[in-house]
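Multiple structures are listed underneath, in structure tokens.
In the two complexes below, chain A is the common chain; its partner is chain B in one and chain C in the other.
Up next, the complex of A and B:
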């Protein structure tokens, strides 16, 4: 009993200190909570600049932890994928810990490019979240470039916050610029987790010290909320680093790779924005970039429709060019052993392969030398 | 009084070198002692005894008694020890292993040493199954069963008990069948209800068992070999490879001959692979082994778990220590890596 009590006290202490660090600028009036889940990992710098320019105080939920997942899984219905359940958990956290919030920010992303859509769960997100009991007001905007330019959505968002058109457009320009800076920063090879931390703390984009590159380099594919939520993926990236692997993500790749649309065949046109990006990245490694990486890992959350479809496509591509490919499907499971076995086997497989090829090359060199 | 540092029962300056591979799986444990020419000197194959630590001690005692009985074996010194299997890290800490590798690598290495031109390895164990694809002696791809344990040894074991047939005879029954029943193989829960249905409507045991073997193979191939080219030569190993019915079903589905390692080696492949890797490790690194010796059976180990509580994740930490001097030999389980001792 005694130990349980101290645990709870410690937990409380930690939570309190966490609360402190996630509170921004207290003077501004409108308090907006942002759940650290789903498209947070993609758009946070944009939202932050935009909402702060529009006079909001942002409150972020902390990085995912056990209780958030448990509560989210309990609240979400069975057919949802884990990331959406985690999103529920973050919303519930904000509601519980910050009853004073004026709004919770739940944007609706329909389409960012004319020829593609976001996943259907993103399309319906504000409506689904609205059904939660006792939810504070939801602050939302709809990004759907098929119907409206983004600036229109932002003007209507600003209207809700009591700001005029000019302020809205100014804020939009600033946010766009900031987001561009952020993306350029990532393209220099900065890990997303680190860059997001800088954004959160309002620090300038300063590069990490360059580490000596490791022998093995992997491309890690998947949605941001799968790859960068270290609780959900059991700190996947750290496990890879520990085994001596450098990790690249889509965000680190040059912009030019994503300019041309991906064509698979006449019947099947890619349809989902993020999956489109994954396929575009793969397209590069199929031909020019073949020698730049040693393997591809695709992290998928269980029940993700779009990912499961393109995983099959990638698998077939990888087979043709003989690039090692590992597909990992995640759910609420917290057992690490299975994950570790797969990572270790995959890394070891590639290490052995490299060693063997080196040996073969050495032998060949020796042969040439002897013959000469 | 046990000397923890007492390296081995086998004289340390023995005339010959030997290497110990240990594979602690979900259902059984395997020990292989191998010499420089990859000859198996001594082997142990036992069902697990409760906890992995107890099992390993039990296995080590068995190996010790084999060595004590055979004066020839006492000439060998254990130069390195490697562990594999789902309990590889715990085992490594307990016996003082020099290296721990995954089952995939261990199995591939062992199979390659026996069949240098192998291109596909099928392995079905107690609780997991895997497939390894090799080309030109290099592992190029692998797959393991995901959440579902359908089609592994434990399920067959369970069904054998239910049908009141010793698991050793399971294969013989299957081979006798002329007209295998069709059993749903997608999921063991459905497979079982389907089997009961067939049983109650009067199918013979032989036909049901043959049907079950067939459905397990179907399940295995659907789950694991998705998009992979299974090319000959194919080697089949793991506990389930004792089952003739499964071998036959594999041959029927793949349309080619399947090789199963002989002399009981089919179940020892993981341990053999670790012995080979230990030898490689010893020769390349010229290390002094940290192996505790065969007398590790006399050491008392204690494991405990506690919750960290320093952050809201409240990770559960596992700790293994030696009772006598309270030395912590292994600790893991935290997400942040704070408590880790390897």
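Up next, the complex of A and C:
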């Protein structure tokens, strides 16, 4: 009798504590908001895995829409580049719609490589965001391999979330692995927008059905947030597909292209990481890959510092090898109609050129045939 | 081989010495002018920052005068600056100047001594004496940049007192030419007295009570008077005493890790911006706080249109710091479209505003309290020269 009671009691106690820890667990899920802008398009899978492993609940802002851009543009003044304004917009959205958020995640990316940098606006992003009125707490970590290995920054991030070093390192390993899988998945030719959707919904990486390849193939250059934010670029990619064009982006290219550093001239190597990738991709198509694509389009946002210089170099290279090149500069006032006509005429021009080439080839074949 | 480099305000005598001491001939581009800017704008990418366009224009002008090797400072930092020479060289080649070399002068960290290589690059004859030459070149360079800083400090202090408009400007011009001609070490050592004596000859009206305003911002724009529509002169003639920390000397010493003033500014800026993001962003923020604490009347932030780091700084200044420190601030972003008339009106309005603010404060006798604020501030205005000029102004 006595013993039975004690076991009961013990069980009860156990249950209670379990319940308590469950409650605690539920409460302790830290809510973190992530704006769907800027380096979201590059690092989201990594962040997701990392933060979820560290016990956070993630809340994403929706894909950009009109009000977000307008609010962001209102908050930032005229000379800022569009992506940063859009970023403001997303932050404001999160603040308005989710006042219960514990943190907003604004990482600081300084450099991922010892000799490289991100754009200066990335370097000061948390500082700038912190100046917004009534901003909730900001969760941030600094990726700066010049000074610290990434794992250090992650440990200190975990500390703010109340997690220890071991958990931090485990989370980091997992996140790294996941991001690698994601990148490999992209390199098989998956469009980034689709892959990000899979990540968001926690679905396994499964290939899309292979579509029949189209006649024309473009390389689409630019920062992820310009290319994959379908509102900002007026759903540019879809417009191209509708005109019968296959689109490649940098993310789809094999890793090997980016292994060797780019050389612009002997004394100097470029230092912006993303621009580096753009230049590396272009370098391949300048020589070996010249025949693989029919044209290059570079999406640039107005007032973007790095792109303004890179675009100039690429344009000059393109002139030399006579690959059609279109440079599109976007800001919040870009009109749909104007963009459409520009794309159309560009695609038309290439189609014409292709036809001519084909005809010439036929003629040549004929000639060879006759001569034989 | 004939070497040239772009204009940047008063700094030309120093850069000239640096290269001439290596035994190389130097030509200077014409002082930046409309024509040069026009050429620069025409051949540059549309959205690049303004200094790129101007320096390209300077290069073309130098090439037309016979230069074949151009030196451009670079900083492999986060900003566009490091890309300048690469793109500029490409553009110049495409313009038809095929044999032009643009040599980068790496100033990312002067203690790495990469710049020595650049110096050797520009010298055609290579022999053992090169090292002694280089030492001399650097010694003269640093001395001259220091004197140039002194000249511009004194200029900012005195212009608002001058009786005859234009006196100060004339003295500055003469001094720069004198400095350029001073190439013996013992004369160079005594040059400070030349500066003070020349400035003391200016006829000044001691009864005036000028406003104290600090000028800060991107280095090329704030130093090159053509690009900033001669903001220093205009302010001085409106009766404003101008303080500017930034100079080539200041920058070079910083790159040798010896500039404690900048370290202090970084310390002040740390809560708002913990790292150098290129340009002058961190120091602009630090300087704003410093100036606000030491009781200035106004602050001017000048930068090229779309300059990335300065825009971040501007956002922080307007959103947080202005609210906290309440030192009136005005922003100017310059590019080739900057118009004289609108600029002058804005400047005048700003001067009126701070004048009014000061009057109000004086009535409340706040100004005395402000001077003895508890927070420490670090007064560097050019050392002993600053003091002697100051005494000159005050001694009736």
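Of note:
To be clear about the criterion, the second predicted complex is superposed on the first by the 339 of 372 C-alpha atoms of A that agree within 3 Å, B and C clash if a C-alpha of one lies under 4 Å from a C-alpha of the other, contacts with A are read in each partner's own complex, and residues count from 1 in each chain.
To be clear about the criterion, a residue touches a chain if its C-beta (ideal position, glycine included) is under 8 Å from a C-beta of that chain, and two chains touch if they have at least 3 such contacts.
Being a predicted model, the structure only gives us computed values, none of them experimental.
In the model built by aligning both structures on chain A, chain B fits alongside chain C without clashing.
When the two structures are aligned on the shared chain, A:198 is found in touch with neither chain B nor chain C.
Look at A:150: by the touch rule set out above, it reaches neither chain B nor chain C. Once the two complexes are overlaid on the shared chain, A:348 sits against chain B while remaining clear of chain C. When the two structures are aligned on the shared chain, A:329 is found in touch with chain B and with chain C. In the superposed pair of complexes, A:121 makes contact with chain C only, with no contact to chain B.
Once the two complexes are laid over each other on the shared chain, residue contacts for A:65 go to chain B alone; chain C is not touched. Look at A:234: by the touch rule set out above, it reaches chain B but stays clear of chain C. In the superposition on chain A, contact is made by A:356 with chain B only, not with chain C.
By the touch criterion stated above, A:316 is placed in contact with chain B and with chain C alike.
For the pair chain B and chain C, the minimum alpha-carbon spacing after aligning on chain A is 5 Å. Residues 312, 316, 329 of chain A lie in contact with chain B in one complex and with chain C in the other. Remark: chain C residues 44-49, 52, 74, 76-80, 82-83, 85-87, 89-91, 94, 103-104, 272-275, 277-279, 281, 305-309, 311-312, 314-316, 319-320, 333 touch chain A in the complex.
Within the complex, the chain A residues that touch chain B are 6-7, 10-11, 14-15, 65-67, 230-231, 234-235, 238, 312, 315-316, 319, 322, 324-325, 329, 331, 333, 337-338, 341-342, 344-346, 348-349, 352-353, 356-357.
In the complex of the two chains, the chain A residues touching chain C come out as 76-77, 79-81, 110, 115, 117-121, 123-124, 127-128, 130-133, 264-265, 267-268, 270-272, 300, 302-309, 311-313, 316, 329. Note for the complex: chain B touches chain A at residues 86, 101-105, 137-142, 144, 146-147, 226-227, 307, 309-314, 335, 337.
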